[in-house]
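Below is one structure, written out as structure tokens, with a few remarks after it.
Order of writing sets the labels: A, B, C and D. Residues in every chain begin at 1.
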């Protein structure tokens, strides 16, 4: 059952990912991104990362996407009129990606990953995660808050009308 | 105690002039500037007295030489080991050096006194005397040096003091150029000299004359390099004594004040080369060395060349300068025909009468308000009686008129050439004697006889006594120099102390040339008569020079010094140094500065420009390159 | 004692950092006092050298050692032997003279004096150091201020180019030398940068010949760039022409000698085989300096460039002395180093003064200055005479010694070098005299008058006096130098081979003949 | 078909990453490029979560948590930048943004 779910979700993720690139309209791209992310949340659930799945949906599908859509509407982006095929871009892109894929595949096939079932399964629930976060990783967590603050200040500053 | 006194007297004589130079230079603010002449004269007078005492002491005790006093100037390495080097400063007090010292200090003293009058009122009065003292010091250093290096040191110092004195009126471009030329020409000679010293040192292992003499006494490995070493050392003399082909500086050096010309460029410094050759004669005459022969011919050639040039010069000082050149060539010729005695003999007498001539010329120039062209003069016989008579004495001595000093010494050289079998040199010698008489008679006739050719010549004023007394005093040895047993003294010295000294009487001495070598003496007298007759025929009351008309291009060539200066300035120097320096400059600017340095920076810049093309500004290209890089890194790290 | 010597200027520099910049006069005074006391200390070291006891390592005097970076074997280790005691004295005197000449600096005095003092400290530390790392560190300490000084206080239109060029050149040189030193450290295997330790270690375990032959060229090129060895010399004239006078004096006089000093002190004892293998190459390269740069100098019309090239040319004699690899040559080389230090500082000081008074350094535009400036003209005359190797100046003693040392090894090269020293040198020096001092006075110089303030004259006197003293009596230096040179060369000639020429028979040449009276 | 193991997740993650990369390189709209960047980040997240799961350690998930946070901040700043850029240049296309060209 879980295996099937995995295949479904992963297929959905990849498909939506492909569609992000292929669709002309940025709004469509954004929508496919939401879908892709949502199905990835499904994969997270399969991996028992429940908290993360929730956060993924909340942050990406909720916050980030809204931001994207706002910007798209703010800038009033039109559908790309003609898809000028950037030959250089396409060739190099495919080439680069091909190389990366090849390297990754060969790497993965060449390494042995840990056996699956013997390992104790941690439930990726909120509680163990929170414990870990506020004990071992409390300092990065706090620093992250500063980062967010900085990002907020930066974003506000950048969006001010009279940008010098 | 007494011995110490005598030994240290040499140092005293050497250092007094230096002390005077330093005192005049540093003591300017304390009144030494005004007293410059007195300090300087005092120093050289004391030096003269010291030399005299030393000479008499040596003569009376009958020693060949006083013990050397030396102290190490520079020591490197342990003594006796390989790679050790030691230079001493020491004094060689023997007959040769003491007679030379007497000449230097004696003539020097008179010229110092003369200068006091000649330069009165010149703004550089004290500088002049400081330089003159420095010169006396350096010259005494050469004379007294007991090793090659010390001689070289003073050799250079003499060069620099000569430089300073020639360039005394440095604001005159001619003087400034002349001193430069003199110094550089001398430096070329010194180049050979230093190489010669290095060669001798590396083969014989020492630079001291005494030890070299011992080394050279027994057969050794010096033979193969003897010729080349001798010639290299001769290069030094070639520069200082202005032998062909380095003779060009001496006439130009006449830009200096006339007393300087008398002291340095007639009597003493230019004779240093000859003195040095005599000093190291044992090296030059080393068995198997061909050096002397070449030296003799160079000397003979110089003598002839300079005499020919002198015939057509019009500047009174230049005539004397070329005459000096010619006489120096004579001396070198004497050394070359194995006659250091004759060379030193002529050197001594020449110092007297040539100094006399120059000082006389100075008096004439002074009287003529610094006019030096002889064709502007004339009829000065009556107006400048003292100058005339002393100058005439000098002229007769220089020509070698019998019973004047020049007669004996010149005859000694001719006799030596005959004795040595160098008939070519003998003929040159006779020819030069005739030419000498010719141009000197021309000079005397034009200047002192005839009628005044310019307004300055009509109202000359005789020089003050301070200038005339040196003339009178110098005239005495110019006349009787041949009777002073100088030759015998030197003969005694060069024979290594084995010869018989002082056994002939005055009367014998008077007629000695005719006894010793009648052929030489008679041909010398004949040459004088011929030369004098020609000059008399041509220049007796002549208004202008008739010779150019008769000789045409040859006279022009003589007047233009056979174009040696032009040859050097337009061909030789451009072809060597100028060319090379241009090439070097071009290489420096274009190849090293341009190709290498700019090339390196240019290549960097070119690489930068080439890489700039990659900066298309297109984000995606950057991204691609980034990915390519990442892929490469991953590949290297993981998939290998 | 050496430590006081080194840290006095450095401490003063630190103190000056806290003085407000309005007190320029105070800073000048403090700098003068610091360098002056340093000079006196150096003089004391020099005079007391003979009687001073040997240090713990039994080869050096006034020795002092403190651990610095223990794990790498780096220590603060200073001491002097015959080779560097004269150099320390020279450095200190030149530093004081340069400080005296700094009056022409009229803006940002504070920074200038601080940099000058740092340079002084670095110079003295580098000469006294017996630790490779300390040597390099001190050298950089002295070198870096030069770049800043040329860039900020430089003269002339090419100042920026000069700064660029000198910075790049010398940094590259220093880097290559550093690579060489590190390679030396690694391959020597003594786990120490300490020179004494390294030398003792190398005596027992000599380095492989291959390693030596690899490291020596690194050091040669690195140091060669620093010393303007041909063909890495083009930075020198431009740099010196653009540098402010005190910087040019210190750099040309003292800083440039570090590379040579490094070759003598480091390369010869530690890499003896390579030194022998490369000696011929060095000798030929030095001809590039002596002859070629002499020729180039003949064509210069700018006084600073002329002096710059002539100083490059003089470096060649030092190289020749080092390449001859015998006591005579190396002693001569050290002698020339000291003499040229004074000389270069003197000539650059005078040239700076001339440029300052007449507003030009073009020799064609000057003339007859001996009449307008009797003292300075006289000093310049003497300096230029010294530059063409006149006896009586220390340069002559050094050059002649070098010739005597090199003659047996490289006769042909010596012939050319002698030619360059005697003739080419005379040609360009006299040309300078002719166009600067002799001849009529052109209009632009007609109003030039000499500064009567004695302090302006002091530095020149101070530099002339040692030149003359050591020139008249070089044993003051050579007696100290040659035992040091012998130690340095001990590993190059482990056993004295019999000479190819038969040795001099000592019986015929007693030294003091004064006693042997009849 | 073998049971789903770490390999599968990693392959999916890799493919997703490649897709994102392809988009970054090929697309010209800045916003879309930005979305593709997000996709790549998510691919990494997936790999991290999967390995965390199969290794039995939670640290991977903590990492993902941080990544999400940083990504959110990044999106905020990035979009602000794009807006500012658009105001200045009236374009959101990369080929118009060549001021990096020397």
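Assume a contact is a pair of C-beta atoms (placed from the backbone, for glycine too) under 8 Å apart; a residue touches a chain by one contact, two chains touch by 3 or more.
What you see is a predicted model, and the numbers here were worked out from it, not measured in a lab.
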Identity of the chain that, by mean CA position, is farthest from subunit C: A
Contact-richer chain pair (by C-beta pairs counted) among B-C and A-B: B-C
Centre-to-centre distance between subunit C and subunit A (centres being mean Cα positions), rounded to whole Å: 67
Inter-centroid spacing, subunit D versus subunit C (mean Cα positions, whole Å): 62
Subunit B and subunit C, separation of their C-alpha mean positions in angstrom: 36
Chain centre separation (subunit A, subunit B; CA means) in Å: 99
Residues of subunit D touching at least two other chains: 21, 25-26, 28
Per-residue multi-chain contacts in subunit A, two or more chains: 86, 89, 92-93, 96-97, 100, 104
Junction residues of subunit C - those touching two or more other chains: none
Pairs of chains in contact (touch as defined earlier), listed by label: A-B, A-D, B-C, B-D
Partner subunit A, residues of subunit B touching it in the complex: 620-621, 624, 627-628, 630-631, 634-635, 638-639
Residue ranges of subunit B in contact with subunit D within the complex: 612, 615-620, 622-624, 627
Complex interface listing, subunit A residues touching subunit B: 86, 88-89, 92-93, 96-97, 99-100, 103-104, 106-107, 110
Footprint of subunit B on subunit D - complex, ascending: 21, 24-26, 28, 33, 94-95, 97-102
Footprint of subunit A on subunit D - complex, ascending: 1, 3-12, 14-23, 25-29, 31-32, 34-36, 38-39, 42, 45-46, 49-50, 52-59, 61-62, 64-66, 68-77, 79-84, 86-88, 92
